[in-house]
């Protein structure tokens, strides 16, 4: 019955999101012995105009323009 | 003072959302004796590309394409 | 797949919580045509020392003492 | 490490959001002695079609049309 | 800047929680190229008296007694 | 209608929480022109055994013992 909510600053690709869902589900299955079927994961891609850190909007901090490309370069 | 957050996979019609708000508010009024005025309800319609269950994105599981029509056929 | 989070100020009885879960699930089943099995509901009973409204902690506003009895008198 | 989530009914301007992030961060720094660097704030602008109060969608209550202008007139 | 909230039904051991934090952080680092330092994870252990699924409190469904031992037997 | 959720690592005093509620409410009143009456704020004090950052539980990182004293020294 675990329910997981993940808030990211900026967008992620569908492939990245699928990978995160798979990883997080596997962790809860392995660590807690839960069935994968009961694990739910929601990913919220938050615009950098709506995400603040250190007292500033990320959009103001790093010059991004809204629903930014913070994750544009997934690690390879 | 109850605050209710509801996350749905896919979209709902305005009529469906109005009905859910009415039902949930009525429940809290009846069960807890609260005034309807203090009950707040937020409904988040989550794209099936951002909602995972069973280790997979719903969009990959059921062939939906993003902000899907999971609730297109409300029960009558 | 709906996931519902309900935050209450103060405590509720087990019977009240069971009633709320039943009502909310029924609403989502009726309004959206979802299977009851996929509806998850979490109820958080927030101490009135941790819940603010109108600029003040509820505990300061109404003289309650923490994990209060805001719901002590369910409506009959 | 504080994490703050703010849900607004309707939209806010970038300037309003930047101001809220600055204010909330300053409060946590002052009240708790935290470093500003560890404070994260997410602002969710919820459509008035998805926000209910008093048993009704705000969009139905005040005639707004969805992602409304509830905050169109920031106080001066 | 990812922020992750995980709600579990019942309790988990400190070791289980540490493992989940490590796994989830590693996933976001790998999938999104984020620095581990910016990943925050909160785990909420929800009493089975406060967690409903299928229209019933888990505590009523499986005979658990509140802050239960749903995760007492982590998978080995 | 703003609803604010604040998650802190460790405990805060009642005075600290009252101050945060006052500050955050004032910010939303000033920035958005909202009535203070409609602003709700919930503060969740999360045990350092349930809060992870940088891939580790805070409790493991700084030797705290659970519902810690992360905020024991409010700034003066």
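Labels for the chains are A, B, C, D, E and F, by order of writing; each one numbers its residues from 1.
Please note the rule applied: a residue touches a chain if its C-beta (ideal position, glycine included) is under 8 Å from a C-beta of that chain, and two chains touch if they have at least 3 such contacts.
Protein identities per chain, from UniProt: A, B, C, D, E, F = Isomerase.
Computed from a prediction, not measured in an experiment: that's the story for all the values here.
K.L.:
Tell me which chain's centre, taken as the mean of its C-alpha atoms, is farthest from subunit B (Isomerase).
P.N.:
So the chain farthest away from subunit B (Isomerase) turns out to be F.
K.L.:
Of the pairs D-E, A-B or A-C, which has an interface that repeats that of C-E (more than half of the contact pairs shared)?
P.N.:
More than half of its contact pairs match C-E, so it is A-B.
K.L.:
Weigh E-F against B-C on C-beta contact pairs and write down the one with more.
P.N.:
Counting C-beta pairs in contact for E-F and B-C gives the edge to B-C.
K.L.:
Could you put a whole-Å number on the gap between the CA centroids of subunit B (Isomerase) and subunit D (Isomerase)?
P.N.:
From the centre of subunit B (Isomerase) to the centre of subunit D (Isomerase) is 21 Å.
K.L.:
Go ahead and note the Å separation of the Cα centroids belonging to subunit D (Isomerase) and subunit F (Isomerase).
P.N.:
16
K.L.:
Would you mind pulling out the distance in Å between where the CA atoms of subunit B (Isomerase) average out and where those of subunit E (Isomerase) do?
P.N.:
Centre-to-centre distance between subunit B (Isomerase) and subunit E (Isomerase): 22 Å.
K.L.:
Where in subunit A (Isomerase) do residues touch two or more other chains at once?
P.N.:
1, 3, 5, 7, 24, 26, 40, 42, 51, 53
K.L.:
Could you list each pair of chains that touch, in label order?
P.N.:
Applying the touch criterion to every chain pair yields A-B, A-C, A-D, A-E, B-C, B-D, B-F, C-E, C-F, D-E, D-F, E-F.
K.L.:
In the complex of these two chains, what residues of subunit F (Isomerase) are touching subunit B (Isomerase)?
P.N.:
That would be residues 1, 3, 40, 42 of subunit F (Isomerase).
K.L.:
Can you check the complex and tell me which residues of subunit F (Isomerase) touch subunit D (Isomerase)?
P.N.:
Spelled out, the residues of subunit F (Isomerase) in touch with subunit D (Isomerase) are 1-9, 12, 16, 19-20, 23-24, 26-33, 51, 53, 58, 70-71, 73-75.
K.L.:
Using the touch rule from the top, collect the residues of subunit E (Isomerase) that touch subunit C (Isomerase) in their complex.
P.N.:
Listed in rising order, the residues of subunit E (Isomerase) that touch subunit C (Isomerase) are 7, 46, 49-57, 59-60.
K.L.:
Of all residues in subunit D (Isomerase), which touch subunit A (Isomerase) in the complex?
P.N.:
So the residues of subunit D (Isomerase) in touch with subunit A (Isomerase) come to 14, 17-18, 21-22, 24-26, 36-37, 39-45.
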